[in-house]
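Going in written order, the chains are labelled A, B, C, D, E, F, G, H, I and J, and every chain counts its residues from 1.
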Amino acid sequence: MTKEDVTAMILSAKKTAGLTWEEIAERIDMSPVWTHSACMGMNAFPKDRAAALVSALGLPQEAAGVLEESPTKIWEQAVPTDPCIYRLYEIVGVYGPTIKALIHEKFGDGIMSAIDFDMQITRVPNPKGDRVRIEMSGKYLGYNSW
Amino acid sequence: MTKEDVTAMILSAKKTAGLTWEEIAERIDMSPVWTHSACMGMNAFPKDRAAALVSALGLPQEAAGVLEESPTKIWEQAVPTDPCIYRLYEIVGVYGPTIKALIHEKFGDGIMSAIDFDMQITRVPNPKGDRVRIEMSGKYLGYNSW
Amino acid sequence: MTKEDVTAMILSAKKTAGLTWEEIAERIDMSPVWTHSACMGMNAFPKDRAAALVSALGLPQEAAGVLEESPTKIWEQAVPTDPCIYRLYEIVGVYGPTIKALIHEKFGDGIMSAIDFDMQITRVPNPKGDRVRIEMSGKYLGYNSW
Amino acid sequence: MTKEDVTAMILSAKKTAGLTWEEIAERIDMSPVWTHSACMGMNAFPKDRAAALVSALGLPQEAAGVLEESPTKIWEQAVPTDPCIYRLYEIVGVYGPTIKALIHEKFGDGIMSAIDFDMQITRVPNPKGDRVRIEMSGKYLGYNSW
Amino acid sequence: MTKEDVTAMILSAKKTAGLTWEEIAERIDMSPVWTHSACMGMNAFPKDRAAALVSALGLPQEAAGVLEESPTKIWEQAVPTDPCIYRLYEIVGVYGPTIKALIHEKFGDGIMSAIDFDMQITRVPNPKGDRVRIEMSGKYLGYNSW
Amino acid sequence: MTKEDVTAMILSAKKTAGLTWEEIAERIDMSPVWTHSACMGMNAFPKDRAAALVSALGLPQEAAGVLEESPTKIWEQAVPTDPCIYRLYEIVGVYGPTIKALIHEKFGDGIMSAIDFDMQITRVPNPKGDRVRIEMSGKYLGYNSW
Amino acid sequence: MTKEDVTAMILSAKKTAGLTWEEIAERIDMSPVWTHSACMGMNAFPKDRAAALVSALGLPQEAAGVLEESPTKIWEQAVPTDPCIYRLYEIVGVYGPTIKALIHEKFGDGIMSAIDFDMQITRVPNPKGDRVRIEMSGKYLGYNSW
Amino acid sequence: MTKEDVTAMILSAKKTAGLTWEEIAERIDMSPVWTHSACMGMNAFPKDRAAALVSALGLPQEAAGVLEESPTKIWEQAVPTDPCIYRLYEIVGVYGPTIKALIHEKFGDGIMSAIDFDMQITRVPNPKGDRVRIEMSGKYLGYNSW
Amino acid sequence: MTKEDVTAMILSAKKTAGLTWEEIAERIDMSPVWTHSACMGMNAFPKDRAAALVSALGLPQEAAGVLEESPTKIWEQAVPTDPCIYRLYEIVGVYGPTIKALIHEKFGDGIMSAIDFDMQITRVPNPKGDRVRIEMSGKYLGYNSW
Amino acid sequence: MTKEDVTAMILSAKKTAGLTWEEIAERIDMSPVWTHSACMGMNAFPKDRAAALVSALGLPQEAAGVLEESPTKIWEQAVPTDPCIYRLYEIVGVYGPTIKALIHEKFGDGIMSAIDFDMQITRVPNPKGDRVRIEMSGKYLGYNSW
């Protein structure tokens, strides 16, 4: 049983139960972003969250161990093609140097961690058209000198 | 006089005046993210903001016209190497499919615009180490059917 | 049942019924461009259009749900090899900067949306050899300043 | 004197004279798309159009010969980064197979020429936001069998 | 039944019958170059040539329709590795600018069509070692000005 | 004095003298294809041909030695962008396997040399539009077994 | 004055003074690895270390400010060509999955930081041939769940 | 039976027996790094170590011969995507020139061998967060002059 | 039956018979380099050598015809990853321009053929460690002028 | 004074003195392959060889130090384009797996060093056309187990 197998079981159980990712996230008391990512096999479940998911979706017990394994995170294309994902890549290309400059101005020489990291996505009503809000938060890590 | 020339003038004036990007942004009444990006030549200034910057930094009048020109946004590497920018690219690789899935769940088939878009960066104090918060907001655009 | 499965069913039903894409488009009251693209799995069907297609081609009911799913749009080669598609890529390479310059001249700093977008293809009789006419129309999106 | 030199002269003369591409095109009695493209050095001027441009913008006589030379059309990146041009590339990726299928359905096995080709760009007023319309027309070329 | 299936049938029938490509080409009254290319699925058969091939090689009737379909021409590597094909790629690299310059000198600004195109390959006896002769002929297409 | 320097001198002398490549080739008693290629620095001149060119175009004596040097043949892009050259690349992609198969059928396991090689380009009048004819001839080289 | 300028000054001063990197590192009381990297412009100097270097090598005062700036870390090739550096790349390719597996076994799901990081290089005498020892130490960062 | 087959057997036996890589390494009296790498098929087992592993994990006798075969070491992406492995790639990019400079300073013109090479990974307790220590040792190889 | 099938049969027969490549080469009276390469499907067998191999290894008669077919030589990565093969690639990168310069000095403008080519590999005893000797011999081919 | 500067001085002195690489190599008592490579800046000179070259060619004394520096070996294209160098790359592609298999058969699991390495190039007279012989010799390095 691989992570791909478990992802397929989750998608099938989700469809059968008619659940959204938000609802699944709520049942295991985690955020929707993390829940989706971990269900897709891009993050590892802590032991108790794996048990919670197995129970919430009626997965076989063996799945819990697989959910806890550390994933190898592979994405296939240097430049993503799907328009929804490409726009994010474009934002990194256009605003990357700006984010870097402002982190350096506010913190010093360092980076925002992509490991000690979390993210929220919300729908913001707006009369000119609702907006997607993405909030990322990562620990500042200063470069070491030695 | 090109956008590169004007960027060089801005950097030099900023250094001489001892200003931060936050302070420059305040003087022209725009956000620091947009101000830095536009000063780097990756966004075009509205007429009045160009005039404000020219006056705030004592740039030559001709610079205003250059600041208003539409930029050609080029970034050089499919996979960025600077660690601070790479972490953002990695986030897009790891969480891109998740962001896409949640946008579809919350809005329907569409994307977050990278054009009708804004961004804020803030330093969030945290006893375990301060955190970088990046907030992006873009208009939802639904795919057209015809 | 995946989008690939449904595409295969559509192609098979189309062959059996001896229908053209124009005729299928007519039966579901959509344009041929959108109809082909959505049948290939590159666009999502609105609920009523999915029902119309399922009924027009005698597909299984389950197919309707699959047609409504948001696709992940992946194309495989940075530079397309098929001569018919390559010519379009070449047009973007040769005339891209021109289209950009004229959009900026006519509208200001912004882009033509590829999301709020439609396209028509027509055969134009011409004594020196008939011509292909491709008409694209996309909403102008101006860059945000903030 | 190279094509790059002449392009620089044209841009400078255009700025000094305060002309738009539409106005320059009108003065030499050609379309704005072709005029911009040829001024950028991506198309060759017919002898009389070169003379007309030289006279309209007060360029040196030697420029006429350079404008008539066949250009070597080079564009630098397999995947363009500027958002305005990328959207066109994305349209080719998403709709390329559709355009191909409909050309085959309407004409037979062949392509739309990118050489015997023309293009218009217009601004279409629309209460929900004005739209960019791009019309391409290219001669149909059927594959030879021998 | 796909183009790949039919290619496999052709190769098998060719082996069983002990025919060369020259002989197959003769039986359907086409050139060997075109015949091989179309049998490989890189060109579409006209209706009568498809019927001729099906009859000459004893293929199932359904194959005729598949032979008539417009192919999607995909080749897999930007730089081919097989030495026999690489040498052709090298010739394009080394002599491409020369061919371009001489076409411009003899015809004006334009190209040799790869669509309205034919090719012959012959063995030319030579006391110092026989030579391969490749003759290509393509319609000249002049760039349009508009 | 480099090969680039000598190429620039040749182009300038050619322009001043109002000569075509065909005429230059005639004056040094070589073919136009080889003459252009060697003048561009992509082939080395035999001693007497170098002397002939220097004399025909009035180049400085030092140029003769440079013309005789073995060039390093570099071309810049895996996939050429200029439409005239791209069509040749496309022909290699589409017909490469066919040329290979027919060489194997006519000669055995081997290749057409790109070194012991020559090429002619001619304009062929045709009522439906004149055609470009490219004739390549290369020595057959059979693979060695040992 | 850019980081490249200051690197050139350092190299020149180092040559004139006949110093090794070890000796320079000793004078500013930092490790040789960090000292070389920061002198090459790939790391930022803390304020007091910049002052120490300027004084140790007799650099102009303005250099101190440049040494303190956050660098943009760019390296040019996805696969390095220099044999000494390539061997390190090869080690990452061959042993990367092993390092990952053992980090997961010893720590849990996470990574070794390349930011809160240090490195030593030593020469280890060995009768069969001296050995290079590279010691890397980076803070373990566990993936966040939220 | 291929190396992939044997790797799968090892992983399965490891899971069943509840062993860590450290424990397996201990049972065959080799280091954990080498043991994992060789079990993954990236290094060849000496005859007696293969026998030891087969016996320790209860693998079929045929597996021993496969473990002794020289592997073909293939890794799939020029730039690795998994964050844990990417950080190592980044270290090579950032510190590669530094490692090279210090090897040259300490040894002369040469490299650290990646063949006569070994590596240890240890967990170093640290009050600010435990650290990963990676120690590499490779034989110095000086370039030959001849 | 494909070349891959026959390669698998050869490898299996070799293992069963406990033969080395040297021994197989001896039995068919060819060199080990050519024998291995042709058995791997990268070279075609002459008729009598194919018969010899089929008889030596007890392969089915049909295999002989497959061994005689001209292979399509494909290798998968522009930069090979296996360390043993990479070192050869590195030698081409480092010494390629030198080999070219010395061929030009000794022969004139031309190349060493990779088609009329042979190679030997021998183990050379050496007290400081045995050495691998690779001897390549290819026919010199001078560039044609015409 | 950089390695590029010294290479230019060497080429100029070589031309003036009318020397071949063989003759220069003889004067400094090294092989032509190593001499050319080191003069091109791809290998470092031992102290006495640097002095010998400076004296043989009348270079400035400062050049000696530069010749002794360790070079950074960079080559620009993953796939070389010059036909003479490409043929070597092709040989690695076609025969790489064969060389690897025979090294493993003759020595065990390991590689031929490209560092403890030398090479000779000779012209071998042959009535069917003289041949280029390239002899490479590199120390066998066995993989370490630990």
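One rule holds for everything that comes next: a contact is a pair of C-beta atoms (placed from the backbone, for glycine too) under 8 Å apart; a residue touches a chain by one contact, two chains touch by 3 or more.
From a predicted model like this one, the values you see are computed outputs, not experimental measurements.
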item: Given subunit D and subunit G, the chains that contact each of them; value: A, B
item: Option reproducing the contacts of D-E, where over half of them reappear, out of I-J, B-C or A-H; value: B-C
item: Copy pair subunit B, subunit C: interface residue numbering same or different (half cut); value: same
item: Approximate Å spacing (C-alpha centroids) for the pair subunit C, subunit F; value: 43
item: Intercentroid distance (Cα basis), subunit I paired with subunit H, Å; value: 30
item: Where subunit A and subunit B are represented by their mean Cα positions, the distance between them in whole Å; value: 23
item: Multi-chain contact residues (two or more partners), subunit A; value: 33, 72-73, 75, 78-79, 81-83, 90, 93-94, 97, 100, 110-111, 113-115, 117, 141
item: Contact pairs between chains, per stated definition; value: A-B, A-C, A-D, A-G, A-H, B-C, B-D, B-G, B-H, C-D, C-E, C-F, D-E, D-F, E-F, E-I, E-J, F-I, F-J, G-H, G-I, G-J, H-I, H-J, I-J
item: List of subunit C residues in touch with subunit B within their complex; value: 30-31, 33-34, 38, 43-46, 49, 70-72, 97, 100, 104, 108-111, 113, 115-118, 141-146
item: List of subunit F residues in touch with subunit D within their complex; value: 77, 79, 81-83
item: Interface residues, subunit G side, partner subunit B - complex; value: 72-75, 78, 114-115
item: Of all residues in subunit E, those that touch subunit F in their complex; value: 20-22, 32-33, 36-37, 40, 42, 73, 75, 78-80, 82-85, 87-103, 105-107, 110-114, 117, 119, 121, 123-124, 126, 128-141
item: Touching residues (chain side subunit C, partner subunit F) in the complex; value: 79, 81, 83, 86, 90, 93-94
